[in-house]
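Both of the next two complexes hold subunit A, though its partner changes from subunit B to subunit C.
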Partner chain A sequence: MTAAARRLVTAAVTLVLVTLIVFALLVALPGDASGDDETARRLPDEYRAALRAQYHLDDPLAIRYARWIGDVARGDIGASLREHRPVAAILRERLPASLALNGAALAVVIMIATPLGIGAAWKPGSSLDRAGLAATTALYAVPVFWMALLLQWLFAVRLGWLPLFGIEGDERAGGSLARTADIFRHLVLPVTCLSYGSLAYVSRFVRTALVDAAAGDGGRPARARGATALRYVTVHGTRQAAVPLLTLAGFLIPRLVGGSLLVEEIFNVPGLGSLLFDSVLGRDVPVVLALTLLSGTVTLAAITGADLLAAWADPRVRHGR
Partner chain B sequence: MSRGRIFGAAALALAALTLGCAGPAAHPRTDARVVIYAEPSSLSLVGNPDNNSAQIASMISDGLVAYDARGNFAPMVAASWDVAPDALTITFHLRDGVRWQDGTPVTSRDVAFTLSKVRDPAVQSRSWVSLFADVTGLETPDDRTLIVHYSKPYADALDAWRVPLLPEHLASKDSDFLNGAFAHHPVGCGPFRFVSHEPGQNVILEAFDGYWQGRPSIDRLVVRIVTSDRTGYESLLLGDVDLMAVPSDLWRESLSSHRAVRLARFVYYRLMLWKIDWNQDGSNPFFTDPRVRRALIFALDRKRFAATVVNGLARPAAGSYLPESAWTDPSIAPIPFDAAEAGRLLDEAGWHLPAPGSVRVKDGKPLAFTMLLVAGSQEIADRIAAWMQESVRAVGVDMRIEKLEWRAFQERRKTHRFEAAMASNVVDPTPDQFDLYHSSARNGGFNYGGFSDPETDRLLEAGRMTIDPAARRAVYWKLQARLHELEPMSVLFQFSQPVLHDPDLLGVTASPVGLFSFTPGPRAWHWAGATPSR
Partner chain C sequence: MGGERLGPRLAVVAFAIIAVSAVAAPWLAPEPNRIDLESVLAPPSTDHWLGTDGLGRDVLSRLAHGARVSLGVGVVTALVAALIGLPLGAVAGYRGGVWDGAVSRAIEAALCFPGLLIALAILSLAPPWLARLPDTLRLAAALGFLGWTPSARYLRAEFLRLKTGEEILAARAAGASGLRIVVRHLLPRSLAPILVTIAFGASAAALGEAALSFVGVGISPPTPSWGEMLFEAMRHMGTAWWLALFPGLALFVTVYGWNGLAEGVRNWLDPRPRAL
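And then the complex of A and B:
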């Protein structure tokens, strides 16, 4: 078996184990999704039994899990116990908002943090390096809910430039350009809240990778050949730092489908974070498992992909040296 | 919303993060924009209903009857009804000229079809199905007449017929009712027709021109789904929303905010109460004795708590029969604050104070119990519990607090693994509280504490069977006296619901069941300068 095939098998086994653990934790929680809430009237016993049978709530746990994994293997991720409709339909509604929000946030982080990291690595210890560190660390320390309320107050309430919440206005009239601009205006504040906290981590990571690469075997010969500091950081350093940077990408990409409960709640974005939260509270096992499967798959795919790319970029990794 | 558009927007967002844009366009003063706090669970009118979907359904389709502003039954699609002398048959006479929103007339067969859907377990009509439990058969001799047969007399039989009606010719087409075309585009016979639903964003309804009571004055009802009450409140202040029920902290804030000065405001009492279940199945040595249950309530200065901690947005309750109800005996007052009486009752029950400031003891056991609370949802629960802990400590009772997430809390109550448990509870306007107090309601019902009293059982059964209103009221007054004496569960407070709205939106009234699910409700809303109903 090749190294790549071994990686894929390990990833698949990990995925199954993760869903098994999540399933076990969910069913271990007290209460189930049989529809008891504050206002529900007392259900006739035979009706309650029919509900439980419909969702197999009384079957042995092993059979419930086996049935779920069998359905998944056939491409069916089941129906929500709370909403009584296919989980796939729910994900189709929620995924675009999460992808747009997290994708934009990720792009903002990379576009701001990478130049910051390069600038810092250019002259480590310089005032530029230290100022960048201070600013991004200060931002990292600001709580998201506080920043969100501050931005809402400033840009929506005081200045009235941006909408307070939502991802789209009520009015559907107007061309697609107008609508795109409308969605853009709605995204500005939540994207800002989702991105500022990661600047410190990502810019430091880029800086460290570049500085280490420059100090390593590739850096000195380049300098000896007369490369300028900036050129050696951006061209030679980046090439040397490819492996740690790919690893970073492997960790950042899963955020695309990860939810951010706080930002979604405050800005009223119908994304995956609030779906996961509500589904755990509602003991909606199929939805929680589907979200686990989704984020697990993306995470493993990103990490495995990054590893494979790193092996391709660096023969030492490929040959396990 | 298409994925392409969102991606396009995301790309634009990257390109020009700092671009300033124009503010929102002024909205026409013909729409009413309201807030709900969660996605409706279904738009299928009767399927899988939660409170939000029930409110929306009540705007789209009428039932045979509806609650009025006092919680009594008003004729809607049924113009009148006759109850047979044995109360086993009700004959409904449907109103002429009621049409579905596609123009087809509403017939008695549609009503029969609605019941068949409610009874189908696949439709998940959990809050309606139990109300029809005693219906044994239906007859539809003609389009305007519906005869309903019951297995036993039930004085609140009309309650079930508030169910929003379904058009058979449209709703019978889907094999999977909850996921079919009708559930995504419901059609009813109510004042507003369904226009669109953006999941997580809004539900838009528009006035139905052919509504049997006449077209509502507001053109569109935009129901915004806003998960954060703070966000909803801010958009109300900005004029992006016209009406909203607010929690007490935002109400307090609005009283001193210059930005909220322009808003119209009122409070009303919903049929919602804060109650304590006392487990009296013998698993603890405290609460089988009614004197202990009553003593703990005598120890509470509820008037002071209501006036100070919650700014008067609550009132002490005498029991689960609330003053809004025509079935309530007004002579029964809440148990007053009287610490001396609390001490006397506890002494009488054998719980004695070994020394001042200590915890009472009986047979070597201290009077120390655990109160279960629901964690997270409402901070008012924490405040009530902390105040109660301090109050009962003053009469020598040690109360500990344990907080659980809702489903875990509910599991403990249903399996009777608790000593005392406090939560809010919604009651119906109908006087039948069988499921709260009947000894048979310990399992499956809401008698979590396992209260069992033959006299209470007898009165509850009689109340269900007594059709004559005066005789029935006498039964329920007797029941309330009995409950007041035994205090099987303690209703501490009834909280009021504050509402803020645009001052130009007129005709907004409330009922004990809220702002929507009653008549007239939004049928009567109109903007200043517009006629109330066109």
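And then the complex of A and C:
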């Protein structure tokens, strides 16, 4: 338990350090939220000074950061400098699209890559193993924005089967079923683009974990006793492979709240990736800090959680060796 | 038997073509930025083998110069990442304990940063000596600074696995110092994972450079970058297919080539059978 508590404290310290560095870098970048060099020439000096005073942009950095982290500790993540409304409201608006997009992509990756990895692990070196490896490796090398352009051109422009971009059509009058179907149609292309590149990594990870487990002390006797492929993989393999698979989960879960900038930009999906992009370019400090805090918390929670669960799943650790 | 090696071999051949055109670009295509308003958006022909773009610039010339950017950024990024990640991974794997904990926490912290902000910061806040470097090198420094975690993780895992081996125990029993064990015994045995992570790092960097240039914060125009060319292609989607097809294909071959190279190095250097 002390190990878990220590990891929690370390994670909190990490978050403070990360947000501090992000804050310092963002403030150090040329330009601020009262306008870049170009707009500065158009805005009267008094107006810019008023903006700077309103945002406390002239206070010492240490005081600005201390004020922010104090507010966060009280549960207030501030207001956007560009949109002049609470950051929490903006996140609430953007989060569903990101979760839907990344969640669907993650589900697709797991549903395709896991069977591929299991199949490959059952007979390493078989034609299934080699074909899966070749196909997923090739897919990994296809740049996502290129794939997006080709899919848009083929399915939206040429065939007209799917919408070109956006997350919802204009016809919102339909029932909830029609609306769900509409969102689904809009998600097909972005989700495809977001998932194919990860197939290689995830299926290989599953394959390696299972092959290692099968070569271990638990796997060989099970196979010698004549366990069927399915039983061997599901019962013996996954249990032996629990630790690497948990590690994999720890790295995949953080993607739910980030990592889709390109796809969001190309398909015009109002998610967190494009919000971060616009906020960094617009020097919107509170929004960037809130997004860093959100993705940092999820990242650390997933990695730390996976670590602790992996320690617990290992009987040697669980029973005190 | 033969089929298993066909993929990597094809990749290496295609990759070699791109590498040669990258090196020879200044002689083969001296003017990648020459604007010819007489032949705007011309389809592939004997004059312009791969067509022209919206400003009448020759796509093949720009593709060759884009190869310099893509391969250059890839190699430098991978080296920068290795220079940061390998020492950290070595210390974590060899010393263990507190050192391992510190490096592991540093890796977790690195994963929490918004990469885009770090890249922008390095590109625009660079100290004068760095600001004087060309675009490509600064972009590579930024991407390398972002991408050091895999090399640290792999070397750490490799050292953890190796250091309990008999050769290492024998060296330690013979009184070899920690530094000597790392440099003379552990590093040579870890050559395969080191080279493999460098090659994979170059492939990730090629994708990263193209992505940053695609969204407009990477290589600044008019320097040709495949990512920027693909962004241009988006505006002419449906009318000028050659604008999107060739840069994408080049990027695909480059990334696939780096990966094939990584696989080849692993099979060549690592005596352990890959498929048990």
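As a convention for this text, the second predicted complex is superposed on the first by the 298 of 321 C-alpha atoms of A that agree within 3 Å, B and C clash if a C-alpha of one lies under 4 Å from a C-alpha of the other, contacts with A are read in each partner's own complex, and residues count from 1 in each chain.
Rule of thumb we're sticking to: contacts are C-beta pairs under 8 Å (C-beta built on N, C-alpha and C of every residue); 3 or more make two chains touch, one makes a residue touch a chain.
Quantities reported herein were computed from a predicted structural model and do not represent experimental measurements.
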Going by the contact rule set out at the top, does A:178 touch subunit B (first), subunit C (second), both, or neither? neither
With both complexes overlaid on chain A, does A:66 touch subunit B (first), subunit C (second), both or neither? neither
Once chain A of both complexes is superposed, is A:12 in touch with subunit B (first), subunit C (second), both, or neither? neither
Touching partner for A:191 - first (subunit B), second (subunit C), both, neither: first
Just to be sure I read the superposition right, which of the two partners does A:154 touch: subunit B = first, subunit C = second, or both, or neither? neither
State whether A:30 touches subunit B only (first), subunit C only (second), both chains, or neither. both
So, does A:94 touch the first partner subunit B, the second partner subunit C, both, or neither? first
Contact-wise, after the overlay, does A:3 reach subunit B, subunit C, both or neither (first, second, both, neither)? neither
Once the shared chain is lined up, is A:85 touching subunit B (first), subunit C (second), both, or neither of them? first
In the superposed arrangement, what residues of subunit A touch both subunit B and subunit C? 29-30, 149, 152, 157, 265-266, 281
Going by the contact rule set out above, which residues of subunit C touch subunit A in the complex? 3-4, 7, 105, 108-109, 111-114, 116-118, 120-121, 124-125, 203, 207, 210-211, 214-215, 227, 230-231, 233-234, 237-238, 241, 244, 247-248, 251-253, 255-256, 259, 275-276
Going by the contact rule at the top, pick out the subunit A residues touching subunit C in the complex. 10-11, 14-15, 17-18, 21-22, 25-26, 28-30, 124-125, 129-130, 134, 137-138, 140-146, 149-150, 152-153, 157, 211, 214-215, 254, 258, 261-262, 265-266, 276-277, 280-281, 288, 291-292, 295-296, 299-300, 303-304
Complex contacts: residues of subunit A adjacent to subunit B: 29-32, 35-45, 47-48, 50-51, 54, 82-86, 89, 93-94, 96-97, 99-101, 103-104, 107-108, 111, 149, 152, 156-157, 160-172, 176, 179-185, 187-188, 191-192, 264-270, 274, 281-283
Write out the stretch or stretches of subunit B touching subunit A in their complex. 1-3, 5-10, 12-14, 16-17, 20-21, 23-25, 27, 33, 39, 41-42, 47-48, 50-51, 121-122, 124, 126-127, 129-131, 133, 178-179, 196, 198-202, 204, 222, 224-228, 230-231, 234-235, 237-238, 240, 405-408, 410-412, 414, 423-426, 435, 441, 444-446
